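The two complexes that follow have chain A in common; it is paired with chain B in the first and with chain C in the second.
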Partner chain A sequence: MSSNQLSTSSASEPATDKRKWANPSILAGLVVIIALLPLLLSSPYILHISILIFVYIIASVSLRTITISGQFPLAHGAFMGIGAYLAGMASRWLGWQPWLTIPLAAIATAGIGMLIGFPFSRLRALYYAMGSLFFGIGVIYIIYAGGTWTGGYAGLIGIGGMFGGSRVAYYYFFLGLALVSVIALYRFEFSRIGINLKAIAQSHLVASSVGINEGWYRILAVGVGCFFVGLAGASYAHYNTVLSTSSFNFMATLWLVMYVLIGGIDSFAGPIVGTIILILISEFSRDLKVFSPYLSAGILLIVVYLMPQGLVSLPQLIKSRLFERRKEKKISHVPGN
Partner chain B sequence: MELAVATVTNLLILASMYILVALGFAFLFNMLGILNFAHGVIYMLGGYIGLALISALGINQWAALIISAVIIGAFGIFLERFCFRPFIGNFNRIVMICVAVIVILQTSVNIIVGTQITSLPSFAEGVLRVGLASVSYERIVTFAIGALLLGAIMWFVNRTKWGQQMQAISQDMQGAFLQGINVHRISALASFIGCALAAIAGCLIGAYLSLGPFMGDFMLVKVLILAILSGVGSISGIFIAGLVLASLDSILPLLVSGAASDAIAVGIVVVLLLIRPQGFFGHEMEM
Partner chain C sequence: MFLEIKGLTKQFGGLTAVNQFDMYVNKGEIVGLIGPNGAGKTTLFNLITGVLRPTRGKVIFDGEDITGRKPHTVAARGIGRTFQLNPLFANFTVLQNVSASFHLHPRSSLLDIYFNTKTYRRNEAYILEQSLEVLKLVGLDRVKDELAKNLPHGYQKMLGIARALAVKPKLLLLDEPIAGMNPDEIDFTMIGVRKTQQQGTTIVVVEHNMQIMDLCDRVVVINFGHKIAEGLPKEVRENKEVARAYFGGEHAA
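Take a look at the complex of A and B:
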């Protein structure tokens, strides 16, 4: 009896977490609608935006996977660039097919990420963030210094495309890739390894005292995150066929972090919601021309000041505002608290 | 000889400018634990406000330098009060608000001035010749202002009551609060000084090199490197880190061409960080 209760109580937490948003019928309906979208709207512009959203969903969800281990990487855009440039260079200079370059580039990105993660597992919290930031900047300089091999300042052109350039085929390819990646990362997060990672994030001392190999698990998290972001970057290279460093530099990394934070870093759905909302806003405000960045900044400010848990907490926030009595206002805060 | 003199003067100017901007960043980082990613943009805005004062309003450029510093300093007080103070200790929200500030300021400069590279009128004309070597007065003036300000800041931090209160807060914020130090007022003051210094550096670099909407990104990276390498709570560490970084930036391009020198410089910084994560001079940040 008691053991039964224990097992349910320990299993109930992830279960309720799932039930909040992952109602299977609603999710299946969403997937069907998304899969039918090209039949309803064949505008190439809308397909292009959807493909961008799929690519960045993979990138932002994999970024969050690294953060559940308590590491805050500021080099994820650079890792996307590594995947993209490796695939692009293999296609441009060796003439390899996309079916070969995409998985190989993803594996190579994961390898580089784990190799870098080995010395970086010395660093914690803020220092890890700063170290990875400097690494990301170094990657961009290496791409600049690559001359003709990487295209340098001018950018890499002439990467082989796929599907004869058909947008609809690309759409289904990226939809499948995003679905597979998101499901894989979801399984990873709620697997035994993911729970170990969360334990490390809460207290690395307690985690290592109960026999969790902290360094190895942190490197593993970086490897998994880098694999998927390399996958996204490599397939993006074969979609865009032109690469420049502006998609992978420090500001691009910060925007990836924004996708995660704006949706809510505490929930698995957060980066997906954040990516969709921010990309839609920046694409559909093109008519405002130079003024369009103000909209994204406005959303950021709204989320910072009004929604501490990100956009995914919005339904709950509205519910608590409408139906629950407001809590007493906090006493003016003491600094440091 | 010519090359050596040019390299050394360039090194000194770069070092003084890096340190000027990094000091303001380090004040907030040490006292409140805030990584102000918007500091690069504030530096850029200082240069542009100086340009606007000189070219649009026709103010004397020395007056413009001071007015720009005051305006940006006031903006720093605003930032500290409304953007940083509510979120002390929350890294994620500080990053978000900094990105919002970066986007708003860069977009505004893009709309009002445009993305083209401009520059401020130079602060001093002419060339000083000593024997074989020749140094332009502009370089001397830029370095002199930088050195003077750095000396003044060191005096302020070490010798005045407010400066010592800043040091107390960066050692232990709650302890300082219990001793009756007005933490909020002192951090607003630190933000004012930091942003004003960044604005002065922006004006000086705008006259010495050039002014562009994205020059802040470059400086932000340098500032982060300086603050992290020197460690938390060490003001004098920033001077040494600034000299090291400036010598990397001015000597490496002589040996390796193009972006490879930048890549090597960043590589050296990463290795230094891995050797001593908590910085070379300060103490480790408590988290």
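Take a look at the complex of A and C:
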């Protein structure tokens, strides 16, 4: 039931809404600051965290692409793992170069996603979430069963790196990849394709009665979402050069879901904001060790309780509070009132 | 015959919702489909439009067998419909509801859409123009920027019809279009339905409200999934079996 509510509310923003904060000059300024960051702070730790943020922004925004069609998959971490392991295995065992493995792994992930999406497109809401959850768990066991090929329980090692291991080069690579992916997914969501997906989420009966092919569009959304999460996973494999299932298990999927939920499910910027803030929080709370996830869980509860539209709604929430107060004052000044 | 239904049967487990149903609709007609609650009227619509798959029987539309086709292909053949409970794209504006419904006319390819080509922009401009025209026709052009969920009931019903018109239907299936409307809205809707018919659309309308029967060229009465009467509105009104179905007993109406 809750999954049903989540999926329908994802379409509640007007399809062609241009939000005020998305002011091009502010965005351009942000991009410049981010682009200059390695020159100002060359700490490898900060670069590493930034790279992780870029990787997970691609993953969480691509999860959103699926959720706007009213589907709430619980296997997105597993699809990231499919991309990562495919690229990693091609590099480790076939010696293929990253420029070949990354796009091929992304395409293969999209293909697997669409194949799985085909039977799943008949499921809705909770059943869809459950089905995808089991698929995600199954992927992990397949990796375990892969023995030497996948590295099994021990993990896959010896994946080829890029840029001679230069963190700064990796930083720019992932920055570029995240920018291109986010722009590509933005255009996808705010075109007629995205409108059709949001229409299906709101009423699949009405959508198909006006000629929208529900099954095909749902599979398309899964394909596009899986392509980009596969891209993120494959690039991550060539950055980390070591893979283990713990990065792609059910917890990893849950983190992606949290990024989307806490950031704001109704807004394109939601997953981006959610990813940045949650990764920063979990990094800064490293000292809490096992208690660190509780902090994120606490934040999830607070956000859901106070700002159902997620962290992105915070500025507007504050603004509307202030504005309302001002308005009340004005009314009290009306003569003869 | 424009629409022909032959021996259509739908069973849900042990319940037979529609049983050996035959019906035809000629081109350009308005046909009324009436019957008490649970008679199988909406099921019949769902069978025609592919939302449900019939257990037995055939649906032939415009010379083509469309039995068991998926809803979106049925829409592409030219059958538009409204829904009894009138679901909408609730979080879209009125205009977005209609323009999203122009999915088929004209249809842009995925690549055209994604790369925002000239063809796509031209199609979208055309769709906007058409949407505004449809909204004017149903009298919703003044509220085009409201969210659909914020509209009053009568307006939502009109929006449902506007959306069905966006399919450019050759055959329009209206499921209780005037239920819950006030008298002014009923008059307005009836004029609109008549106008749509005059523009060449064939219409089948399910309704409880006898007022709409005045519009119909022919009326078909269904009860417990069976056809129990058929004829001119006047004949049907005087039919004893129909009266029994609606009011029970021997001596009604």
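Quick notes on this structure:
Heads up, the rule we're going with is that the second predicted complex is superposed on the first by the 301 of 337 C-alpha atoms of A that agree within 3 Å, B and C clash if a C-alpha of one lies under 4 Å from a C-alpha of the other, contacts with A are read in each partner's own complex, and residues count from 1 in each chain.
To be clear about the criterion, contacts are C-beta pairs under 8 Å (C-beta built on N, C-alpha and C of every residue); 3 or more make two chains touch, one makes a residue touch a chain.
These figures come from a predicted structure and were not determined experimentally.
When both complexes are overlaid on chain A, the residue A:W93 reaches neither chain B nor chain C. By the touch criterion stated above, A:Q202 is placed in contact with chain C alone, chain B being left untouched. Of the two partner chains placed around the shared chain by superposition, chain C is the only one that A:E214 touches, whereas chain B remains out of contact. Of the two partner chains placed around the shared chain by superposition, chain B is the only one that A:V303 touches, whereas chain C remains out of contact.
In the superposed pair of complexes, A:M130 makes contact with chain B only, with no contact to chain C. In the superposed pair of complexes, A:M258 makes contact with chain B only, with no contact to chain C. Considering which of chain B and chain C touches more of chain A, the answer is B.
When the two complexes are overlaid on their common chain A, residue A:F188 makes contact with chain C while staying clear of chain B.
In the superposition on the C-alpha atoms of chain A, no part of chain A is touched by chain B in one complex and by chain C in the other. In the complex of the two chains, the chain C residues touching chain A come out as 49, 51, 70-72, 75-76, 80-81, 83, 87-93, 96, 100-104, 108, 110, 113-114, 116, 120, 124, 147, 163-164, 166-167.
Touching chain B in their complex are the following residues of chain A: 72, 119-120, 122-127, 129-131, 133-135, 137-138, 141-142, 144-145, 152, 250-251, 254-255, 257-258, 261-262, 265, 290-291, 293-294, 296-297, 300-301, 303-304, 308, 334-336. Taken together, the chain B residues at the contact with chain A in this complex read 35, 37, 87-89, 91-93, 95-97, 99-100, 103-104, 106-107, 110-111, 173-174, 177, 183-184, 217, 221, 224-225, 228, 258-260, 262-263, 266-267, 269-270, 273-274, 277-278, 285, 287.
Listed in rising order, the residues of chain A touching chain C in the complex are 11-16, 187-188, 191-193, 195-196, 198-199, 202-203, 205-215, 220.
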